[in-house]
Amino acid sequence: MVRVGILGATGYTAFEAIKLLLRHPHVEITAVTSRQEAGQSIAEIHHALTGRIDLTVEASDVPTIAAKTDLIFSCLPHGASAEQAVAYLKAGKRVVDFSADYRLNDIATFRRWYGDHHPDADRVGKVVYGLPELFRERIASADLVANPGCYPTSAILPLAPLLKQGLIDPRSIVVDSKSGVSGAGRTPKLNFHYPECNESFSAYGVGTHRHMPEIDQILERHASVAVETIFTPHLTPMDRGILSTIYAVPLRPLEQDEVLQRLREAYAGEPFVQVVDHLPATKDVAHTNLCHLTARVVRGRIVLISCIDNLIKGAAGAAVQNLNCMYGFPETTALAP
Amino acid sequence: MVRVGILGATGYTAFEAIKLLLRHPHVEITAVTSRQEAGQSIAEIHHALTGRIDLTVEASDVPTIAAKTDLIFSCLPHGASAEQAVAYLKAGKRVVDFSADYRLNDIATFRRWYGDHHPDADRVGKVVYGLPELFRERIASADLVANPGCYPTSAILPLAPLLKQGLIDPRSIVVDSKSGVSGAGRTPKLNFHYPECNESFSAYGVGTHRHMPEIDQILERHASVAVETIFTPHLTPMDRGILSTIYAVPLRPLEQDEVLQRLREAYAGEPFVQVVDHLPATKDVAHTNLCHLTARVVRGRIVLISCIDNLIKGAAGAAVQNLNCMYGFPETTALAP
Amino acid sequence: MVRVGILGATGYTAFEAIKLLLRHPHVEITAVTSRQEAGQSIAEIHHALTGRIDLTVEASDVPTIAAKTDLIFSCLPHGASAEQAVAYLKAGKRVVDFSADYRLNDIATFRRWYGDHHPDADRVGKVVYGLPELFRERIASADLVANPGCYPTSAILPLAPLLKQGLIDPRSIVVDSKSGVSGAGRTPKLNFHYPECNESFSAYGVGTHRHMPEIDQILERHASVAVETIFTPHLTPMDRGILSTIYAVPLRPLEQDEVLQRLREAYAGEPFVQVVDHLPATKDVAHTNLCHLTARVVRGRIVLISCIDNLIKGAAGAAVQNLNCMYGFPETTALAP
Amino acid sequence: MVRVGILGATGYTAFEAIKLLLRHPHVEITAVTSRQEAGQSIAEIHHALTGRIDLTVEASDVPTIAAKTDLIFSCLPHGASAEQAVAYLKAGKRVVDFSADYRLNDIATFRRWYGDHHPDADRVGKVVYGLPELFRERIASADLVANPGCYPTSAILPLAPLLKQGLIDPRSIVVDSKSGVSGAGRTPKLNFHYPECNESFSAYGVGTHRHMPEIDQILERHASVAVETIFTPHLTPMDRGILSTIYAVPLRPLEQDEVLQRLREAYAGEPFVQVVDHLPATKDVAHTNLCHLTARVVRGRIVLISCIDNLIKGAAGAAVQNLNCMYGFPETTALAP
C-alpha cells in the first residue's frame, strides 16, 4: 500500500483527489492537512465524504506526516507548496506538487509571472512535468512531479503533436479557453459569488494569466521550438470542465482528415486521450480523467477543440495518473471513468 | 422631483432600486452611500450602470445627505439601519427601511430573533408594514415604512385573505419556500460560493429563520388571529425568484374553485397580484414587481403557490411601490413590467 | 459473470446504469436495445461512452437478447416495460424493471393512476419493491424486482421507520420534493427546454403525480397503516438530485434527538443511508448511491429532510444494488461512491 | 401611434419584442400571429404576459393583419419571412425582418449558405442592414429593414471602426463567440434539452455557421475591404448573452490605449455602445440594448471583447431601435435600460 498524505486538503482539488484515492486498491490516505481547519474531521469540511473516510485534519508537521506517508500530494498555493515539497523530499518522501512551483523551464520566467520568492529556485527547470502522455518515462522514476495546470493540459495535448511534427506556426497560436468556476478554488470571492458569475460569461486575465508561459514553455520543452501563444481564459457558469478552442496557422496546406489522423496516431493507445470526429462537450468528460479532442480546418486555418474536467484530468486525476506511473500501477487504476 | 438617497448602495437590493428609479419620471437619485466603497463611482461597483448614472459613493454623513434628499432608501443591515433611520427622520426626511428593524409587532419578539440591540426600540410595532396590498392607506401618510422581507411577501399575499376570512386553521400552516441565491446578499461566503451552491439544492435555517416570526406577526396584524407557521427556506441554484408552496388545513371543506375565487376577489384591481389558473414559475415574474399565485385542493388540504422576484416585489420594487404610495404617484410608476 | 441486457438504452437511467455496470467486476453488458436508435453505436448516442464500451444498439428481439443475457434492466416506459418483462421472465431471465408497472399494491390503484392497460395485471401487488433497505430478503430470491421511483425513495427512507414505530400520524404527512431536470427523461419537451426551466423554479403535478400513490402504498406495505400523503414535486434548475422536505405531526411529543436516534438505529449498518446532523444538500450525494437524511422538530412538528441522486439511488444505482442482492454480491459492489 | 403586428409571436425574440413594445409610448401592438398556436391568448403561451396584454394569436392572413397595422415585425424563419415580407410591403406596410433573408450582400452567397429557395431574390443586397450605429440614415427612410443576427452584431460593432480605418488585417480575424441557449430558439431539441446543455460547454457549427458570411459581408459593406473571418460559436449554459472574443493582427504596431481611443471616438454619442476599460461580462448588459466592449493588445495582436444580450441588442431591442429610427422617435424610446 502506498500511504498518501494530502496537504491543503480543504480545497476542491484535494477533495477530488481524496475521492479518487478512496477507489484505489493500492493506496491508503493516511494524513490530510490544513492550517486553518486542523482538528476537524475531513467529512465535516466536505460533507460528501460522510461515512466514507475517517480522518482528522492536521496541521502539516513534517516529521509527524512523513512518518506515516510514502507520497505527498501538495495542494498548497505556489510558494507554500515548494517550501513543503523541499521538506518532504528531504525526509525521503516522493511528492506530486499541484502548484506551479516546479512547472516552468527557468526561474527567470517563474519570477516574472509569480514574483521573486521561490523557496527552491535551484530545482526549477529540472522537475518533470506530470503529463504522462508526453513525459511518462521521466515520471516513473521521479521523486518530485510538477502536476500540470488545468488550462495548459487542455492546450498542450492537442497542440503538442502538431508542433512536434512541424505542422503549425508556433507563433500563430491562439488558445481561447473556457473554464467552469471550480477552477477558481474554494475561497469565497466576489467574482465567484454565485449571483455574480451565474448567468454570466466573461473573460479574465487576458494576456496576463500565468498559464500562458506554462503553455509556451512545456510546448517548447516537448517540441524544441519557440512558442508564443495568445491565451485568453474565460469564466463559464458551470461547476467543472474546460473547453479550449485553439487556432493555428499551418506551415503547409493541411486537410482536416490529415490533422485528425496525426492526432489519432499521436495518442493511439493512450487510455485517457480520445480523438473524436464530433464536436465534444465538457459534459462528455465531466468526472473523468479523459480528454476528448478534435480538429477542423476552416478557411485553411486549423481549429482544435479539447475538453477536460479541470478538477480531474486538469488536477486530481492527473495526480493519480502520475502516482500510478511513479509506483508502476496500471495508469488507469482508480481512474476508470 | 423626489430626491432619493440610497444607503448601503453596493448591495443587490440597492442596485435593483437604482435601476428602477432611473426609470421613474418623478424621482432623482441624488446620493448613494457605502462606508467601505466611498469615493468610487457607483458604476465601478455595479458595471451594469456604466453610462447610466453618474454618482460617486459617499459615506453616510447625515447633514450632507439630508441636504440633498427628500426620501431615504436604507439598504443597511438591521441595527445599522434603524440607527440611520432615526437620524434622517429627525432631519425631516421620509424613510423606507429595507431592513427588519421596524417590521415586527413588538420589541420582545425582535429581541428574541435579532438580539438585544435596537437603536429605536420605541417605534417598533408602530411602523406601517410596507405591503400596499394590505396596508396602502397607512403607507400613504407614513414618514417611515418597513419594507417587507422577501419570504414574508411570498407567504403573506396568498395567506392573508384566507386567514382574514377564517377559512384556514392559523396553526396548521406550513410555508415551504425556495429562493434564488441573490437573496443571500452580495457578501461572498462559502455557502454562496458558485461551486458550492450551483447544481445543489438545500434547506437552511429550518425552524430558525427570522422571517418566520415576521410571517406570523404580519398575518396576525392583518387577520387578528394568532398564527404559528412552520417555515422552511431553501436555497435554489438560480439568481432570483422565490416560490413558496404553502399547506394549510381548511376550517370547513373547500373546493379549489372557491379558494381561487376568494383570492381573485381579494386581489381584484391590484396591479401587481395575479391569481392564475396554471402553476406559476418564478421565471414568469422575474425582473417584475408581480406576484403570481394559485391554489389547489389536495385530499382536502389547501396548497397555495406563489411566485415573486425576491429582489423586486421582495425588496426594491416593493420600496418603489411604497414610494409611489407615499408621494401619490400611480403605484405602477417605474414598475410597469 | 452476470450478462446484463439493458432495454431502452438511450435514456438517462440506462446511461447511468451502463456507467455503473462498467465498473462491476462480475457483470458484463452484453446487449443494449432501443427501437428508434437501433444500428448505432451506443457511444454515438452517449458521447461520454466513447472508447469505454463497444456495443451496437439493437431492437429488442427477445430470443436474440435472451440468448446472451442472464438479467434484464428494463428502462422502458410503463406498459411497454411489463410487456417485455413478461417475455424475458418466460425465457427464464431475471428482470429489474425501472418502470412503475409492478410497484403498486393492487391493479385498481395502478389503473386509476396509469390507465387501464397493463399487460401483466396478475403480477401487480406480488412483486417485491426494490428498496433493499426495507425488502432485502425478498429481493435476494426474486426473479422480478420493481425498481423504486426516485421521489418515493427520497420519501420512504426517512418516513418508514417513524411510521413503523407508530411515531407519526400517517394522515398528516406532507412531502414537498424538489428534483433536478434529468428526472424528466431525455425526450425534448418545451417544459424541459433549457431556456424554459433554467433560472426558474416551479411546482408541477400538484396532487396528481403518480409517485403519490407509490409513496402511500409502499409505506402501507412496510408499516401496515393506511397512509395518505400530500405530495408536491417541483422542478429545480439543476441536472440531478432530489431533496424532499417532509412534514408530519407526531403522535406523541418528540424531541429532535429522539427522532434522529430512531433514524440512526433504523439505518445502522446500511451502507447507503447516512443520518446526518447537519442540513444535507443534494450535491453531497450527487453521483453516488447515498441517501443523506436528517430531522428537525419545529414547533412540535417533525421536519425530515432527505437527499438522493435521482439517477443513482433514485434509479440506476438502486438497480445495481438490487442486482447485487439478487446475485449475492456485496451490496456496495460497483457502487462505492 | 404606430400599430405593430408581430409574426411568429410564440418565439423568444417575439416575446422580448412584445415586452419592449408594451413600454413604448407611441406603439400599440395590434396583432400577433402564429400558424400553430392561433386561437390561444398570447398570455397562455408566454405566462409572463398574464394581465399585461390582451391579444389572441391569429394566423397570418395578410389583408386582416394589414388592415390593423402600420409596421410588421417578422419573427419567422428564413424563407417564410421573406414570403410574408413581400406581401406586407405590397400592402403598403413597413417591415422589420428578424430573419436572415435580406441581410447578405448578394443572392449567390445567400444560396450557398441557406439553400436555393428565396421568395424575393431581387431585393437581396438592396435592403439596409438594421444596425443603426453603422447605417442609421438609410434605416430612417426604409420600408424594409434587415434586423441583424445576434452574433454578427457582437462581432461587427468592435471590428467595424478598426477595419474602416485600416488598422487591422481583414483576413486575420478570428471571432470566438459564446452564446446563451435562448439563441437557439424555443423549439425543443435534444441539443437544447436542459440536462444536455446544462453544466456543459461546447462549440457548434465550426466553420459552417451562417453568421460567418453575414459578419464578412456587412464588414465589407461598411469598410470596403474583403473580409474573411474564422467564426466559432459556442453554446454556454446560461439563458442569454453573447460574449465575443475577437483576435486580429494589426497592420501597424498599435498600443492598447490607441485601440480603445479609436473605439471610443467611433461610438461617441452612441446611446447603446459603451467602450469600457474593464473586461465586461454578459451579465452587465443582460436585459438591455447595450453593447459593452473593450480592447487589449497581447503580444502585438489585438484582442477585442464585446458583450450583448442576444435577445435584446441581438434581436428584439435592435428591432425596436430600428422602429425608432424609422418613425423618428428618439432611439432610446422603450429601450432605456
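Of note:
Labels A, B, C and D are assigned to the chains in the order they are written; within every chain, residues are numbered from 1.
We take it that a contact is a pair of C-beta atoms (placed from the backbone, for glycine too) under 8 Å apart; a residue touches a chain by one contact, two chains touch by 3 or more.
Since this is a predicted model, take the numbers as computed values, not measurements.
Common neighbours of subunit A and subunit B (chains touching each): C, D. Distances between chain centres, each the mean of the C-alpha atoms, put A farthest from subunit B.
Remark: among chain pairs A-C and C-D, C-D carries the greater number of C-beta contacts.
Separation between the centroids of subunit A and subunit D, computed from CA atoms only, is 39 Å. Note on chain placement: the centre of subunit A and the centre of subunit C lie 36 Å apart, centres being C-alpha means.
Per-chain Cα centroids separate subunit C from subunit D by 45 Å.
Residue positions 180, 196, 198-199, 237-240, 280-281, 283-284, 286 of subunit A are each in touch with at least two other chains. Against subunit C, in their complex, subunit A makes its touches with residues 19, 22-23, 47-48, 50-52, 199, 274, 276, 278, 280-281, 283-288, 290, 292, 336-337.
Put simply, subunit A touches subunit D in their complex at residues 174, 176, 178, 180, 196, 198-204, 206-207, 228, 230, 232, 234, 236-241, 243, 245, 247, 279-284, 286, 296-299, 301, 303, 305. Listing the residues of subunit C that touch subunit D in their complex gives 12, 180-182, 184, 186, 188-190, 192-199, 237-240.
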